[in-house]
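Take a look at the structures below.
Below are two complexes that have chain A in common, paired first with chain B and then with chain C.
Right, the complex of A and B next:
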């Protein structure tokens, strides 16, 4: 078990280093830098000029004057390891770690709620469709799933805004003050994963229903619902868990459209904003954070595999 | 004879239809079958694959697959309740409680993610037989009764944590824990080794002795004979003969029953030929010319008659085609070390067939793979034509592949599905650049004719052929290069008895005609006896006994060989006394093969007395 953990840890570190290198190199290769781009977008006015100077001075303070790119990389990585990544270019008054620490809980809350909602709906739909496979109900559900899969979440968000706010005026249209603010973004974000997961659950359940141990359970006289939950669902969820992990991680990194649409202070805006404005520290910081999230969720998936499937628990040996 | 006993089950005109494929073609899997079962009686339903024997019985418990439907008939349980029409709720109250079922493979029919505890208790609770604590106690008791040691600990195990034998017992314990009136067993021993099969059947015999009625679905007449009082023979969805077991064995009336009996290959056939005659003589219009096995005829050719004790079994050294000296193979999977083959020395003489028997995991197939140069040895030397396989150059290795061909168990899997049959047979000729396209095609057609496949069907694909025909095609492909050595790894194990008999005949003909040298692997002792000149018995990677076939079967010396032979369930005579205890392993690093008679080697501990134990 110790060897397994060490092995995973080493692999995680290698992954993160690779991701950071790739991001940094791509950023260097991309046309333009922060200073030029911000000059263009703000029309090189006096204030912009002043802002630029301010940024450049803080940059010099941290990275020194005229340092080669590879040194910048090393300095940033040192900061990343010590959770001290310095100020963002675009938001000079904020540090990168401060931005992440402030925005991540918001994105994470929405992500977890959205995936929970998606699972809550997808599992029953998948099971129902599997039990009635190739019947009209299955066809209908799978048709809806296909639609759900093809509607982009910002379109869904727009629909929700028009109906729930524009017509019915039930909910606040945006902001981040209380639970009511979460309803629309969570629903909008959940639709896509819901469709993907429903499909997965359906095919996993169909496969499990063909297993001889399910026939055995029926031959033992089990009530349908108990058999479905105890014998079918548990074994079907093992492959589904693998898909849920990355979905959660990607939602946690924030979603630009939804955050913009509902004026939510999540990670997504910073993430994309950093890329378009060539904000090196913020982009590197958020990318690495996302990579670390993925690595962690994969570990969580592996652990939950062990809980769901005793065969993968390493410490147990056949007797 | 059973009028005094309660009639447990009356099946009348049961019909099950399936809708197959995209066109929803109707297929009548079970066609109006009728039979009775009385309390405490054991009924065998025998037939070959596709005969509908399993479908017909599963239909009684509402276990018909979703594309199937019961379209006719009644099945009265205890004279009043019709199993086929009762509500799901009422059926649920019967199945698992009154009527329990065990399936072929415990690995697949036990839920892999639940402990035995859950799986042995849940249906006791469903049927409201007792509370949880009592259910648990009964589960532990039943596991113990089924011969599982330390049941109070094993009940916490997951199925994968048990050995195959214990798993099979746990599955039967699960069925029996509710104390059912009727136990339905669907090929309960087909997936297990011969010694375990015997143990499981002894267990079922005990259950039967305690008064549980039984329906046993099997293709193995030996298994049916061992346990059952009556027999229903099914063919193409219909019951063609219904009689009691003794009558069936001595006086089967229907040609299909006779064919099944005649096709059964069993230990001792080669010695006692008249036995077989009795059965055949009974049917005047018996399938004399298409009968797959004319007993004994196969042996007339290349096999020595066993009279000369080793006379022809020790040919000149020059005749050794393939030679293994102290070969070992060790695998290193994640969970430790597996010694698959240990210190095996074996000479294959030109024109002889060596049979390799042993249970699954004994190292038979690994040894075959070593001989085929598919995996390298860990230790020791394999020589082909006097050359060490390890030191062969690529070109020589190519020649080796040319001279050595293999036929495997799974014919479907070993033929290229997207190649036509003809292309499959031609492929080795292409690889080895033999002849030109026209001559290759001619050769392939000739081979197909030789193995009994119509060359006109050469343009069809493997899936369009039956299992037996696919094995013929695989054999034709193996013969394409005119190999010196043919390695056959369980080539008939997946086939029905009548097809198996035909394939064995084919091998016998090919051997005498082509002078092939053969390594023939099987877990079926009867098959081995029929085809082999010499037999090597393997266990835990060691050869424990090596002897001329007749010598081995008449005078087995190693305790394990004896246990194997005793475990066999013959159709035409009574089975041997069988001792459950696994014989003490005599094979370890401190043992060696000792020649106790010319050509008869037995593994004994070094330093142990070399005298021959009493037979």
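Right, the complex of A and C next:
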């Protein structure tokens, strides 16, 4: 188990280094720099090219005056490892680590709540559909699931905004002042995972229902509900665990539309804003953070899966 | 196994709960931004506007406009309609007979912590702004480029490293309450230029103590009508009345809840219609149409005077077809601006690069459309009925405006030429605008400008001679110009050599425009200066390097309970000081 975990961790570190290198190289190759883009997006474009170069060199001063790109990379990575990545270009009064520390809990909350809501709805739907397999209820539920899977979260967000706020005036349209602000973003984000998870639960339950121990339990004459919950559902959820982890992690990274639509101070806005404005420290910092989040989630899932089901451990001792 | 599983289960649950508990509602929580009370209390307004990544007035971002709107007050403010200046931190000012020396007398005023505003705060801010490396503490991103239009003696030279001694720059503080500014030449746009955010004072002691973090709510002090109580980055900002403000008696509002909306999500009027928001800027075409068509929204749209120009600018290309001025003129005369402007609500066609609201504007600075003449010019250039002319491309960042697609179809119909649109990501747009593009890529880029309404700004600063010259260089000379930019020369020497290429090798039309602008800038009498600028403006139109399309304005949805809302065409749009509630 220890060797298994160490092996996964080493691979995780290699992945992170590769991600950081790729991000840095792509950013170097991308056209335009922070000074050029700021001048454009704020409508002030009369700055002479020479002056913009000056401005850019004052930004990169933290990374040494006129140092080659590979040195900038190393200096940034040192900062990343020591959790001291310096100020963002776009938000000069905030450090990259400060931005991540402040915004991540917000994104994470929305993501965790959305997945929790998705699970609450998806598990009963999946079980019901599996038990009524190929019946009209199954077909109806799976039809709804397909629709849920096809509607992008920002469209769902816009629907909710128009109906719950525009028509019914039940909720504040956005902001981050209290639990009411979470309702619409959480629902909008939950729809997609809900559909995915319902499908997973359905097929897992169908699969488990075919297992011999279920047949045995039924033959023993146990009550249907107990068999369903204790034998079928519990074992069916093992494959679902592997899907939930990455869904949570990707939701934490990918909620930019929802965050801007509902004015939520999460990481997604910083992440995409850093890419479009070529804010090197912030983009590198947030990308690495998200990559680490995904990698760690996968390691945790792998390890926990190994614990839950010893058959899946990668390295088997010789028989 | 079951114990391990339980540990995992409970661990996961505990993790989830702690996450939710730490979701950050506490801390900088703004008051009253919910939708319960129709925008807050009786003297509170809720205003929606763009995201403010920083509040540094010397960094080009939407934050600098917020500073100017009501946080930090410069020596002068604009009048309600934005056509003139009025005293602000400066009580009065004198101008020397030759129009070159301005002496500003600061009033007795305090920062929000009670400490006095002194000439030192202004001097500190100006030196930080003009520092060649754009300041060591914090970065004055590009805002120092605005200074060029003020014409302060040696300011540009200091910024470019040609003059190294700050004492040689024409900004002095003879005593604690006086600022003396010396100009290179008289400048009729100078006083208006002093209302720009980059010319605001900065609280020296706070910047020295907190450096880049001076602008955080816990550190910032202001000398304007409001001060910052709380901020949620990217989401909201709470401003409260500054009791130390010198004119606090004339400030009606106690609080402003500023909601940030970055505009990339679905644009919607829902918060305004709900009464959650009292003032919001409206730029989206579909939203503007609603104000024209829906009775319940009638009278709630307020617009500033037109103060922005949409234009096409020549792209540099290895293919020099468009260096023939007749072709560019033909394209301008056959653009079909009427239909192009109609494709966007509340935009007017124009054939001038100067907005019609600038005092003294008349038809003499325009080149009216004439399709027959355009066809003749094209034929004279060797492309009768557009035959043989390479495809003309219109480059733009993001989604193309309907104006672009209309112009494309107008050119195809009126001149028989082929037109393409190249809609690209902002970074690519920036790169292609200044690159020497391949031979199969000729045309124009689409852009827009907004600025204060005076001649020296719209002729001497926007599309200025210095900016225009490189556009008229031959492909070979422009390549040399670009290569030189990449060299390791010191800034002062680089600027000198770049200027040499641009000055000597630009086209004759541009040289004439430069000479006329220079003459206008040096004219002391305001009326004579206006006439001189008009002649220079027409000379610029006749270069056909920048083709004006339309003029636009800022539009705002304003709740009926709001009083004292005076929109202006400059970037700061309106002042918070005069706002009130019925």
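Worth pointing out:
Going forward, the second predicted complex is superposed on the first by the 286 of 319 C-alpha atoms of A that agree within 3 Å, B and C clash if a C-alpha of one lies under 4 Å from a C-alpha of the other, contacts with A are read in each partner's own complex, and residues count from 1 in each chain.
The criterion applied here is as follows: a contact is a pair of C-beta atoms (placed from the backbone, for glycine too) under 8 Å apart; a residue touches a chain by one contact, two chains touch by 3 or more.
Keep in mind that what you see is a predicted model, and the values were worked out from it rather than measured.
With both structures placed on the common chain, the touch criterion links A:235 to chain B but leaves chain C unconnected. Once chain A of one complex is fitted onto chain A of the other, the partner contacts of A:71 are absent, as it touches neither chain B nor chain C. Of the two partner chains placed around the shared chain by superposition, chain C is the only one that A:261 touches, whereas chain B remains out of contact.
When the shared chain is aligned, no partner comes close enough to touch A:139: not chain B, not chain C. For chain A, the partner touching the most residues, choosing from chain B and chain C, is C.
Judged by the touch definition given at the top, the superposed model places A:5 against neither chain B nor chain C.
Judged by the touch definition given at the top, the superposed model places A:226 against chain B, while chain C stays out of reach.
In the superposition on chain A, contact is made by A:213 with chain B only, not with chain C. Where the contact sets of chain A with chain B and with chain C meet, they give residues 308.
On the chain A side of its complex with chain B, the touching residues are 211-213, 215-223, 226, 230-231, 234-235, 238, 308-311, 316-319. Residue ranges of chain C in contact with chain A, taken from their complex: 1, 4-5, 8, 16, 19-20, 22-25, 29-30, 33-36, 53-56, 59-62, 132-135, 138-139, 141-146, 148, 159-160, 212-216, 232-236, 259-262, 264-266, 268, 270-271, 273-274, 276, 397, 425-432, 434, 447-450, 461-462, 464, 466-467, 485, 491, 494-495, 498, 571. Across the complex, chain B meets chain A through its residues 61-63, 91-97, 100-101, 103, 105, 108-114, 118, 122-123, 126-127, 154, 157-158, 160-163, 174, 335. Residues 30-32, 35-55, 57-59, 61, 87, 90-94, 99, 102-103, 105-106, 108-109, 112-113, 116, 154, 157-158, 161-162, 165-166, 169, 171-178, 180, 257, 260-261, 263-265, 269-270, 273, 276, 278, 304, 307-308 of chain A are the ones touching chain C in the complex.
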